[in-house]
Structures are given as structure tokens and as C-alpha cells.
Amino acid sequence: MTASRIECGVLGATGMVGQQLVRRLDGHPWFRVTWLCASERSAGRAYGDVPWLLASPMPDAVRALRIDSPSSTRAPQLVFSALDAAAAVTLEPAYAAAGHVVVSNTRTHRLDADVPLVVPEVNADHLALIRRQREVRGWRGAIVTNPNCSTVFLAMVLAALRPFGVRRVIVTTLQALSGAGYPGVPAWDGLGNVIPFIDGEEEKIESETVKILGSLEDARIVPHNAAVSAQATRVAVLDGHTESIAIEFDRRPAIDAIATALREFCGRPQHLGLPSAPAAPVLVLDEPNRPQPRLDVDRANGMAVCVGRVRPCPVLHVKLVALGHNTIRGAAGAAILNAELLAADGWLDEGGARWSS
Amino acid sequence: MTASRIECGVLGATGMVGQQLVRRLDGHPWFRVTWLCASERSAGRAYGDVPWLLASPMPDAVRALRIDSPSSTRAPQLVFSALDAAAAVTLEPAYAAAGHVVVSNTRTHRLDADVPLVVPEVNADHLALIRRQREVRGWRGAIVTNPNCSTVFLAMVLAALRPFGVRRVIVTTLQALSGAGYPGVPAWDGLGNVIPFIDGEEEKIESETVKILGSLEDARIVPHNAAVSAQATRVAVLDGHTESIAIEFDRRPAIDAIATALREFCGRPQHLGLPSAPAAPVLVLDEPNRPQPRLDVDRANGMAVCVGRVRPCPVLHVKLVALGHNTIRGAAGAAILNAELLAADGWLDEGGARWSS
Amino acid sequence: MTASRIECGVLGATGMVGQQLVRRLDGHPWFRVTWLCASERSAGRAYGDVPWLLASPMPDAVRALRIDSPSSTRAPQLVFSALDAAAAVTLEPAYAAAGHVVVSNTRTHRLDADVPLVVPEVNADHLALIRRQREVRGWRGAIVTNPNCSTVFLAMVLAALRPFGVRRVIVTTLQALSGAGYPGVPAWDGLGNVIPFIDGEEEKIESETVKILGSLEDARIVPHNAAVSAQATRVAVLDGHTESIAIEFDRRPAIDAIATALREFCGRPQHLGLPSAPAAPVLVLDEPNRPQPRLDVDRANGMAVCVGRVRPCPVLHVKLVALGHNTIRGAAGAAILNAELLAADGWLDEGGARWSS
Amino acid sequence: MTASRIECGVLGATGMVGQQLVRRLDGHPWFRVTWLCASERSAGRAYGDVPWLLASPMPDAVRALRIDSPSSTRAPQLVFSALDAAAAVTLEPAYAAAGHVVVSNTRTHRLDADVPLVVPEVNADHLALIRRQREVRGWRGAIVTNPNCSTVFLAMVLAALRPFGVRRVIVTTLQALSGAGYPGVPAWDGLGNVIPFIDGEEEKIESETVKILGSLEDARIVPHNAAVSAQATRVAVLDGHTESIAIEFDRRPAIDAIATALREFCGRPQHLGLPSAPAAPVLVLDEPNRPQPRLDVDRANGMAVCVGRVRPCPVLHVKLVALGHNTIRGAAGAAILNAELLAADGWLDEGGARWSS
């Protein structure tokens, strides 16, 4: 089995999300990291010589990998991208044009009309956009994206509640420090503080959510017509974005029905049994003071959204608190789950492990 | 001038809010602390021997004061109450019956129909309820309350915007650790965490706000008909509650008009020039990443509400972020401002400094 | 194998260390928790109904266990004690007298002349004191203790360096919040602060260390003649005590020899292959800015002491920084390793799983 | 009086220490900031447009000042330097050569044989080195430095105890985040962590301390012969370095004598009544759990060193805990006190406010 694992690479392998990708791909049953790439500044160094930011040690299998430069042609077909947004503008299309399937966590191409923005439990069917992407752009490869971290958790909650007719959503996020990357927020600003602004975050939440919940019609996405309003804040938490969410539906649902829909929500990753798929994508916690990032962020290996305090809202219909692991379900784990879906759906079949550009 | 300062006392003088009261009354131009009271456990000790929780040192003037017991009859007419809610059930009425004006920060009597719940800039006229209170209860004294900390800041923002016709409000609070009193939240729970539940807090915000914004008609309060929905969270901040607020008005106002109304808001404390009154009760900050508790909580000596990020809301009409100092403007300073208003309006005239029960 | 696991119980099962014991005994190859005991206040409740303090979920196997009261006679032979010090004064001897082997993390009996104070890598031979204990006290059971958390890490470092002749030691500890138990340090005190005092901690470090390093002569411990001076501080860390240590030896050793001795240090747990024994009890980290509690505290499953910055000291001979997990290697894991040693050395042979008082 | 205040400038005015200098010089009775300088990147902007890092607002008097570039010739005679170390290599000598008195907080020239490294209470007489500096270097101006932040507090404690004959000192520091400047330590590294390494810090403490305590003989400094050993750590504190100090003297002193010497310590700033001089440079706190940075760092306006836990050391003679405000007494306040001493001792007489290069 190991012998036939699909080779993959990581663009932007030295940042916070890049390292989470490397860590979570270690021992992955389907994928094997054989190529790491970072900016010219790091290129040429052994990966083991780069500062490692995570508490769990760097996997031994990648220590000796030499960091390649972005202009390299040695990448395998499957490439994860944790590039910064500016670098992704040209690099991701270049790799896609050269035949790579770029599974990107970067925001740059998420809202492009022909780029799938996918949460596998929610809109696995949007992968069909790849065909249009290849036609329009003449690419052999593709770009597939996962949403902004805060958006993933909101979209999963709303997707579970789609049967009730989501109309209006107000969300305030309390986002973890790891979401700002590394070095990210200075400790002088972050300790004992709340910063009520994260550049571009609210726009992403408001626009990405309706694309994800949108329907695929004639090879294009018709955005969901829900109105979403977001206020993003940064808090002194290491990992885990908390979201205070109020929702209005087509008509006021029973709270029990909401909780049940959240609990029973699942999608293609669960049906396909994808390796990274949590048994239940949404965990509903009954204790009144949960979810808490310190206690709940790692549930289901960081791949579940924890929801608590489901109750009526005196202004909209329902309010609740959601929590997700921003660098796992909101970034590295999201990209890997997308890649697993791509593999399961046959998008990586044309060569896979043996393929090279 | 010092000779004629009004003597005052503090019920519950050893807790977080009691200490803030003592600290802020030190050097007060109108009031002078001559009596401190705490539970039987502390009674008899010199105040200087009690653990002091604040960074600024204990005022020298109170170090030698002997802590009295709640059953004492030595209290001056004006008594601030920072009692816990259970103790206030019987003690506050007992003191009021004995002729004391109890200026309370405690939640117990806030929603009583004949007890004024006052933010002086917002509803100074509600003090007129004291007359009904005395008639109904046969008290010589009175109980006057200030709101829950989170409510004060919300009520001030909404009061500034009353001309636009406030209809619906959704607020998520990010509350400081000092709001839980002492010892309050264990460090094990509070460090690097968000706790999405504060017992009773959301109910207080939802119910107290409409009483404060209500109108006095026939010696009773008709609550404002706005709908308020609150989600309270505890974050790793020492002082300062941040609030993410979305508001719907009778009709969508211009953002500039909102900002101007907030900036120009003032009330009787400013007109009367009360000693603790901030020049401007609401400060509108233009920087995109403000207000922040670490940087802004002490503005205007902790008595202003700082507002930032005033902008359109895609769901309701306007969203913004507010910040207030929870143990000052939200507790000790609020009570002192109430007492100043009582003094200025003549409610303490019947004896004042010379009075004793 | 499961069928023959030795039954064990936990005294003080609801506190921070008691919960770590329960968590780490879950799935233990030799021991199986069948009995939980806490103060009368919790007795009678299901363990699953007690607030759980750890991030990893409560093991399913103990959820349904009914919490027994300290006066119960249903305990198995092997009983771990995480009692508070006052309760241990009478309870631990009572259990030992009744035939239980009490493996205690509590400080109460650590310095008793006939009670082994054991770090298995350092002084496994001190278990022989049990014979004297039984003779003197007439007990069928026994009390065996592990040291104070800070002491464990220091003792392991010094034991590794015993060949060089330890003469004088100065240590400053930077101790985690979890070391204070729960609720422990109020967040108001702990956040963004250093508290330079932990009651009794320095005395424990200074006295326990020399007992552990002492030699067993004629069934009594002759303390090591090293002089130890400790300054304890509490810092805003969740788990992991950091120690700044300076040491003087009989003569100045080469730094390389020190590092090698630390790296090669091992003891009976490694020779016996005890289940909780780390492969290397001391990990020497070469990076100049390590060990760090956030990154290194869980190495070797929390059972290793991480050492860094080994270098000459201009005043004594060598200085270095050590880090250990205070509730694992410094408490629950220490006790479990002691129990494993007791089992391996035959002290639990008289009935074991089938035994009951 | 205001009219005759001495004009001064700040080199490196946009960093953490530069801002503290600007803040503390606001309203200074002797000095008036008329010139601000920063790197070419900021030059030309109004100071009010630069991000302000401190909680107290930027002084109005400097908002409109245009930031000058380092190559400017418009600086007044008295120039404070908060440059980074690399920039100071050439800039500080250039300014001194051009006639400016550079009062520097930067490490670059502290150990130069002809540069005074001054803590005014400790070694005001070292200013005499200026004469040699001018002779040797042919400068009209001068460079005068204050020590590294951690060193100031240690040096003040040791200076108070010089009469007992200081022989050996071991210190472990627990340093605040603000000591790393801005952006400084990433929040991801700093939150809930201890970093046991600060580049160059230990060397500074060990070498600067003996220069400060040294004696001036024949226009050169003979370092004190005490041996100093330092371990520096970074902790999650905003402001305030805590130091755990153990000291050996010529012979073991009585603890009472030590405490008395600390309490009674004072020097030329107190005798001269310099504006920034604390009444008592060392405050001895009797409470067993003090000093704490959160509670004590601002005592005496941040200019005192707080000492607690003075007690015998089983290895050396005495141990104690010291605390100082690292960006005030350890940086900006230290430089300003040096400038006040220079002014009082006549080193700024040659032109002062009217002088310009």
C-alpha cells in the first residue's frame, strides 16, 4: 500500500499552514510528501533546518528533503498550496497550466468563477467546475481551493441547516493567533487583548460562504441568496476560532430540530469514508459553557466543528456558538480532505504517483 | 471644601468592585469614605490588612478604617453597595428602610418596578422612581442601581442612536476576567481560552437595556420596544469588555449620521459638570483596528465608551464595536456617577454629611 | 492480558492530578481503574458527572464508576493517592494499615523516615524501606511516595550528574498554573504576571532532593550532602515547570561530559522496560532557545525531562535549563511509574487483582 | 521656566523605547522634545501618523513634529538614542563628533573603555570618563549610556549591598515582552510559554554589571571583581523584568542588615533632587508574594526597583527577588535620569537650549 501512495508536494512549506500540511500528511494512507517548496530565501536548505513552529515534532520523513524553489519543475502532480496571497497570483496558475492539481488554502483564486471553493461535506459537486476551468484556461491541471478558516466552520453549520431555508446570518468571530500565521501578531499586541479587526476577513466570510452554499447550474455557481454579516476579532487563543452565530430562516424552526440537523449532518466524505473525514462533521455539545478552544479544538482530530448553546434568538431565529480548529479544519486538514475527495472522484487518475511535470 | 464632603460608606468593600469604589472615591471632591463594610468573615479587621487586588496602591486614607459588619448601624446616609447578589436581597432594603440611600452595583433589585436603573447620560429622569419607591415601601432612604457592566456600554451606544429609532439589536460580548470578581475565573480556564457562557449575563443585557432606554410614564417605566439578543463570552483580557453590535433602525441611516450622533452624545452629567462625568461619554475612534482593551480601556479615566468600526451591516443596518471599562464605567464609576447625580439633584440634601442612622 | 490487569483505585480522583491519573491509567497494560474515591461532597455521583478539567476527553471506561467515599472498604490493594495534604495525614496510613499499597503523590508522608520517596530512575532501591515501614508501623500495606513536581526534574538531572560529585545547587523554578491544582491561581493574578512565591515549594525542593539522592544504609536513608537553594515562581504557562539550575561539583567537569552524562542517563525503569518509562529519561536539546514548555512539555509522552543550554557557569560550575511536565512526570506519571516498579519488583504479588481489603 | 527648557531630540523615536522616551519627556520640567528622528522609512512623516504602541495616548505636543532622517543636521545638542544596535555603530559617534551629547539606551558603546555606563544612584562619578572620551576621540559632544534593562535592576541591588563586599552573584531573569521591542516576540511563541534564551542578554548582565560597580581610577574604570552568572528567560508579561538573585558576600551578613541597606540606599539623584529620581530607588516589600510585575511595576512612576523575599540562601548567603520596569527604569527613564544628571553636573552648559549643530 505504501508503495502506491500518491506523491504530493507543498508550496509554501515553511509557514504555519505549510507545516500543518506536512505534519498531517505524515503517515497519510493515500499521500506521501516527496517535494517541499518555499520562497527563494529558504530554497536549498534541508527542511529539517527550518524553524519548526508546532508542538509535535517535525516528521522524520521530511527532515532530509531539500527545499525546492518555486520555479522548479520537479513537483509531483498533486501540489498543496499554502503560499501567501501575492505569490499565489502567478504561481498557482503556472503550476496548474503545467499539469499540476493545485489544492490551495490561499485566498487568491477562491472567488474566481471557474475555481471550485469546496468544503467536501457541503459542496463536493462543485468540483465539476474543474472541467470548465480546463476548457476556459487551457490547463491540464487545476486549482481547487478551500475556504478561509472562519468561513469553513460557518459554512458547515449553515449547510447542516439548509433544509430550514437560511436567510440571514450575523456572525462575530473570536479568532486564534495561529490564524495570523508566523510571526503574525506581536505578543505585545496579542497578550491580554482583543483586536477587533482582521484585514479582509469579514469580506471573505461574507462572500465565500454564499459561493460554497451556492448551487451549480450550467457549470457555474449561483451564490446562495442568504445575507451574511461578519465582525472578526482576534483574541489571545493559540488555536481555534470561536464564532457567535445568529441565523434567520424562512420560518422559525424548533430548537430541537436545529440540534438534530446539526448532529445528523454529513456528506460525501463520510459516505466515501475519506481518511481525514470525521465520523460526524458537527459535534453538538450539551454542556452550557462549551465549546471552548482549549478543551474542544482537537476533537475528532481537529476535523469537526463543535457547536454549543443552540437556543432561540430574540432578534433572528436561532443563535449558537461554533468552534473549529483554524489551522486544521480551517486550513491544512481542509486542503487534505479536498485532495482526498479529488482522489476518490478520479481527478488524480491520470498518472498519480508516477506522474511528473 | 474637604470639611463639607459628604460622608459615604461601601457595602462589600473587599471584593473587586468594592476596592474599585474605594480607590475611585479617594480624593473625590464631593464624597469621603468613612465607613467600610464586608461580610462577618472580614469584619473587625483593618482595611489595610485585607488583600488588595488592584495595581494602584490602596489609598492611605482608608488603611486604618476598621471593617464594620453588615448589621452595623454606624453607616452614613450615602452607601455604595458592591454586595453579592444573595446578600443584597435583604441587606439593601434594610439599609434603605433605615434611611440610607443605597447606590448599588448589584443586580438584585435592578429590575424591581420601583427601583431606578440609571445611566446618568441616558435616563437621569428615572430617578423620579425614588418617590414611588418610598411611597410603596415606606422607606426613608432609597435604592438606586446601575446596570450590569456589559449593559452600560450597550445602553450608552443605543441611547446616542435613539433618534434613529432603535428596533433590533444583536450583541456579542468579549468580557474581561475582572468582570467575574475575585477569585473569579481560574487561570487554568481563562488562559488562552474563550468561555462562551456567563451565567445570567445575556438575560441581564436583554432585559436591563430596554428598561434603561424605557420612558417614565406615570411613575413607572415603560420598557423600550427594541428587541435585544446577546451572546456573552469570557476572554483572556484583564479589564475591558468589547462588544460586537449590530443594530436595525426604523430606517437605514447614513453611517456619517451614526458616527456624528455617537460623537455628539451627552447628557445631564455633562450639563451638570459632575466630577466623574467624561467630557464625551462616547469616543469614536477612526483607526480601523480600534478600540482595543489594552490600549483604550482607560480613556477618559475609564468613564467613556470607545466605539470603532462604525459601518453598514448587510443584515441589520449598522455594525460597530464598543469597549468599556467593566469595573469602572461598568461598575464602580457608574455607581459614583449615579451618586453624583443624586447629590446634584438634591436627593442627598436631607442631612448629607451630618446625617447618620 | 486485559483479564489479568491489576485493579487499582484513585484517592482524590476529582482534582487536577486525580484526573491525570485516571486519564493515564486508561488503557494501561498492567493496571485497570476499578475504584474512584473523592471527598464526601462528590461521593455517590457518577464520575462522568464530575467537571472534567483536561483537554483530552474523560475515558469512557470510568464514566459510569460511582465515586466512593474515603471511608469505604471497597478499594483494591493498589491505591493511587492524589489527596490534599490534610486529608492524607490520616487517610493514607489508614489505607496502608488496612493492607493497601498507597502510591501517593501527596507531600504529607514524603519525608517520613520509613517512607520511600522514589524516582524510579534515581533511587529504586529505596523501596526497601517498605520492610522497615511495615515492621515499625505494623502495616500489611505500605505508603510509597513520589516527590514534589519541581523536585522530580531537579533530582533526575542531579542523579545523572552524581558521578561528578554534586556539591551545591541553585535553582529558580518557573512553574505552570496546573501545578496549583484547580481552581488554583485566579486568572486575575496569573495572566501576564509572575508570582514569586509558592507556599512550601522551596522547602520541598531543598529537602526532598537530598533524600532522593541519599543512600540507603541499614534500612534508613542518609541524605545526600549537597546544598540546594531554591526560588520558586509561578508564571503564565498551562503545563510544564521550567528550572534554571546552576551546579557546583567536586571539581569543574567538561561541558561535553555533562551533556553526555545527561543523554546517557537511565535507570531501572529503562532496564525493566516499565510501560511508562521513557526511552531516555533526560532529553538534551541542542537548539539555543529550548526547552520551551509550549513546544517540549509533551515529549516522550510527558515522561522525559528536557534539558537545554548546558554551559559553564561563572559562579558555580555548570548551568542549564530543565523542563518537565508537572502533572505527568511531576505527579500522575511519576506515581504510575512508581506503581509499575512496585509491580515489577514483586511488592504487589500478594493477591494483586484478586485482592480486596 | 518652560521657555528655558533644554531642547532635546530622540534618535529612533518610533520604536518601543523611543516612544517611552517621548511619552516621559512630555511635560518634563527641564527638557522639551523638539526633534524626532527615525529610519529613512519613517522620515518625513508626521510623528502623529506613526503607529503608537503605548496605552497612554501620544502627547499632543509631538503629534505635528515631522520625523527627521538620521543624516539631518537639525538636531539639538541633547539627543537621546533608542537606535538599534547596528545603526548606533556609526550614528552615535557621528552625532557626538558633531557636538551632540548622545544619551544612549543602545548597547553598542556601553563597554567602550571611554564611554560612561551610568546608573546615577550607583556610579555618577563615571561621567568623568567624558573628558577622556573627548580627548581620545576629538569629539565636542559625547556618548553616555545606560545599561541593559536587566542589568540596571541588578546593579542597583548590588550597589546597595556593596558595603557587605559582593563576591558572587547568580541571577535568573524572567523578562517581559516589551523588552524585545516591537514587533518583538510573536504571540504564537510568547503566549503561555517561557523562552529560556535572549540573545546576548546574559553576556550584557555579566559584563555591564561589573563595569557599573567598578571604580574610576586614573580616568579609567576598574571593573568590580564580583563574579556574575546570568540565565535570561522571556515570560508572558507585558512590562516588568523579575529577577531571582542569590548573592555571596565577603562574609555572611544578617538579613536585617541587608533589608535595611536596600531600604536606605540612595545616591546623587536623590541628593540633587533630580526630577525623575524616585524618593527611594529600592523599595523593599514585606508581603511574601511580592514583587509582582502586574501589581508593582509602576511604583514610584516606574523608577524604583522593588525587592521582596529577602532571606538566607543555603548555597550563597542571601537570596531575594527584584523587579523593575524594563522600558522605564530599564530604558527610557534610565536615559532621562542620566540626562538630568548631565544637566545638573554642568555637562550641557555649553549652549544648552540655544545650541544647534
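A few points about this structure:
The first chain written gets the first letter, and so on, giving A, B, C and D; residue counts start at 1 in each chain.
FYI, contacts are C-beta pairs under 8 Å (C-beta built on N, C-alpha and C of every residue); 3 or more make two chains touch, one makes a residue touch a chain.
Being a predicted model, the structure only gives us computed values, none of them experimental.
When every chain is reduced to the mean of its CA atoms, the largest separation from subunit D belongs to A. Looking at B-C alongside C-D, one finds more C-beta pairs in contact between the chains of C-D. Averaged C-alpha coordinates give centres for subunit B and subunit C that are 48 Å from one another. Once the centre of each chain is set as its mean CA position, subunit B and subunit D turn out to be 41 Å apart. Inter-chain spacing, taken between the CA centroids of subunit C and subunit D, is 43 Å. Residues of subunit C in contact with at least two other chains: 189, 191-192, 236, 238, 294-295.
Of all residues in subunit C, only 55-57, 191-192, 294-295, 298-299 touch subunit A in the complex they form.
Interface residues of subunit A facing subunit D in the complex, by the touch rule stated above, are 16, 53, 177-178, 180, 182-192, 236, 238. The touching residues of subunit B, counted against subunit A in their complex, run 168-170, 172, 174, 189, 192-197, 206, 227-229, 231, 233, 235-238, 240, 242, 244, 246, 288-295, 308-309, 313-316, 319, 321.
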